[in-house]
Amino acid sequence: MAVVLDARDLNKHFGAITAAMNINVAIEQDSVVGLIGTNGAGKTTFINMITGYIKPDTGSIVYQGRDITALSPREITRAGICRSFQIPQLYASLSVFEHMMVGLGVVLRNAGLDGYFSRKRPNVPGHDAPAEEVAERILERFGLASYRDKNAQVLPGGVRKLLDIALTMVAKPTILLLDEPTSGVSAEEKFGIMDMVMSAVKAEGATVLFVEHDMEVVSRFAQRVIAFYDGRIIADAAPEIALTDPEVKRYVVGGALHRLDEQQGAANA
Amino acid sequence: MDQIPAVLVDGIFYAAWLFVAAVGMTLIYGVMKIVNLTHGSFYALGAYAAASLTGAWLAKGYPPMLSYAVLLGSAVLVSVIVAPLIERGILRFMYTKDEVVILLITYALFLILEDTIKLIWGVDPYFIAEPYGLLGSFDVGDLSYPTYNLILVGIAIASGVGLTLMLRGTRIGKLLLTVIHDPEVSRAMGINVDRFYLVTFTFGSMLAAIGGAFTAPTVSVVPGLGVEIIVLSFAVVVIGGLGSLPGAALGAVIVGLVRSATIHYAPEVELFVIYFVMALVLAFRPRGLFSLAEPRKI
Amino acid sequence: MSRDRTLPILGAVLLAVVLAGPLLPQWALFLVTIAIAKGLVALGLMLLLRAGLVSFGQALYYCIGAYTAGSVGKFFHVGDMLMQMLAGAAAAALVAFILGFLLARYRGIFFGLLSLALSMILYGLLAKNEALGSTDGFNVLPSTVLGIRPTEAWVRYVVVAVGCGVALLATALVYRYLKTPLGQLAPAIKDNEIRVEYMGTSVRNAIHVLYVIAAALSGIGGALAATTVGHIDPDMAYWTTSGEFIFITILAGTGSVVAPFLGAAIFGIIHTVAFDLSPNTWQMSLGTVLLLVIVFLPDGLWSLFTRRKAA
């Protein structure tokens, strides 16, 4: 399988805090990768470096053969790497449909198909239909059609999440980075949302990286799991192997318990 | 080059006036995070109140030497009456709104106050020149200056030093600093933030009124007195940094000296050079030369 | 925000004005022209407001438009209205293009204060400029249109008619613009700039474009005002002039391309009536109306005509 994203020797420090140390990750096309780790372990830093929000101190990120380390978030999005956000980043005064139209409008503009003077509506590149149709299509796929005209402000949490992710699809991304797609979503909804997201995403043929805290979601949807701790990668394997790895169990799945165990052990010794 | 002493002296006098006129605006911004256009109104109110009360005082034949106290007193009086009305009556309900919206609200209030002043005092000019000439003059080289100007310098220094001491040294000052940094947390800790806002607004407006009151003897007091002060105060406060006291002092000195220099050497640029400096500061150091404000800049 | 009937309605109103024009008294024609001129400026301000930016110095471009129109007449003896408006728009757009590189990086109060400073710089420059009349300004040539000079009695009417035509054209262009991807970006920028960047487009560029368009509109408005008033002076760049434009824009709201003209018309009416009734309280009326609108009708008067999208 072709490597679509290659992160090499990434290092990042914030003062005395090591956010990333010697991170080496090669992502294969069409794979679904889960990123796990406790808060502050470095998962979000990793994503932020890929999307250009922060620059690594050393190291490089190569995407489809091109070095994107120094590019801005905007340029990286245009190149085909899109991300969703842990707290959905929406436009409070716009309706769900308008969200999609704004996003599709950007895609049209980037392709030079502004349409100021043209009479007919141009097809959106990558979707082969005019913007309105594409919008309806994507909303349909994400189960958002019934919320079409509602303002973002009034949407329930799970729907906001779906909209945030649906927005990332307008540009037909090659790589999709989902930051905690099921956080803030109630337990019953989690699988449903992930199902919907994954089928919609896979239908478009994208590579997916998602950050998750819920191990059930991870084991069910990820083909590969990368575990972070203290800025380093401590495991990188298929879910069955990674999630049962002793280090992962200690530092990610049951970290707090481990500390208590140690104290007990020390007290008992 | 022989104009340098004159440039310096003029500059210092102008700076003192600017400081007193503008420091209230930066104080109010620093504490309440609002840009307050009624600032100009209080300046004008101070001038008018001073003009009428001092005029009446002198007309009744009371000791002219005490007229300075009357100037001060009238400014204090008018601000203590009007400022709480504005803050408690209107502004208090608006603090949750966007900062630009609040600015527009103060603009609306400024317009209302402009005409209120006309209704109360009419449109004819007021003159109370007597306190201006009463103290005689002093010489710097072969130039003569009214001693009166030193009063404004004195007030500038007193208010600057006084405010700084209060903020650093007193308990109230320390509480004020917490309110400045985080009103919500301060409220949660039991600090009466509303009262701090009221007092700050009143005191800041009072300083503007004092500036106006002590300017009154040097000009003819006419409607529209407050209009120019607003933009000049913006310039001073922006240059120094919104919310910063030492900034306001530095801004006043810079604007004062620059204006003085241009008047003497290049009068054609006098009016615009101040705003040019303001624009330069905004372009290169938007936070001002000392600052607490975070500019929203992408 | 676009109702498909707005342009035809505006067209109908302006047509009615043009048809009724010969019957209207001179002072009414004057007021209508001024309302159109200020409405154009407010239209530009509205575009910026949709993106979340309030310019405290739009008078800069209004004044540039006016002085360009006047100078074109005074120094080049070109009295043609359309040429003057074109020149005014071009000059304003050019200055805005340059200044936009700086201003597009600011938001909120700082955008406002910087735009204010820039307008006051122009004021200062003009007020001391002998060649342009200093604080007195100078008079503007009587207008011609496409080579024809209307007679004394018809000048005002011709100016109104041309003004209506230009306003309709400008508004139609803006309306069209608002339907393009760039035009639809403004509310998104206002709500969540970072998200817009993550969609793959430059917010700074979008704002730069908006800024230039707003300036061009203000330039046209200034040129029109210069023509109809017959006189220009540096006060056109003073901050209180910018204040008037802001007032009109707030009054109107951002609901439609027609709203700024409605706001300008209402402003003109308030000004005239209040000033006639009591010259010393018209500012108070203005301030009171502004306060009431901000507090009770934050979406402007236009929101009275439309239902906001409900939950």
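For reference, chains read A, B and C in written order, and residue numbers begin at 1 within each chain.
Going forward, a contact is a pair of C-beta atoms (placed from the backbone, for glycine too) under 8 Å apart; a residue touches a chain by one contact, two chains touch by 3 or more.
Owing to the predicted nature of the structure, the values given are computational and were not obtained by experimental measurement.
Here the chain at the heart of the structure, going by C-alpha means, is C. Among the other chains, the CA centroid farthest from that of subunit A is the one of B.
Averaged C-alpha coordinates put the centre of subunit B at 32 Å from the centre of subunit C. The distance from the centre of subunit A to the centre of subunit C, with each centre set as the mean of the Cα atoms, comes to 44 Å. Our note on geometry: subunit A versus subunit B, Cα centroid distance of 52 Å, whole angstroms.
If you check the complex, the residues on subunit C that touch subunit B are 54, 102, 105-110, 112-114, 116-118, 120-125, 127-129, 193, 203-204, 239-240, 243, 246, 250, 280-284, 286-288, 290-291, 294-295, 298.
Partner subunit C is touched in their complex by these residues of subunit A: 51, 72-74, 77-78, 82-83, 89-95, 98, 101-110, 114-116, 149-151, 154, 167, 170-171.
By the touch criterion given at the top, residues 35, 90, 94, 99-101, 103-105, 107-116, 118-119, 123, 227, 230-231, 234-235, 238, 242, 267-276, 278-279, 282-283, 286, 295-298 of subunit B touch subunit C in their complex.
For subunit C in complex with subunit A, the residues that touch the partner chain are 176-177, 180-182, 184-185, 187-188, 190-192, 194-202, 309, 311.
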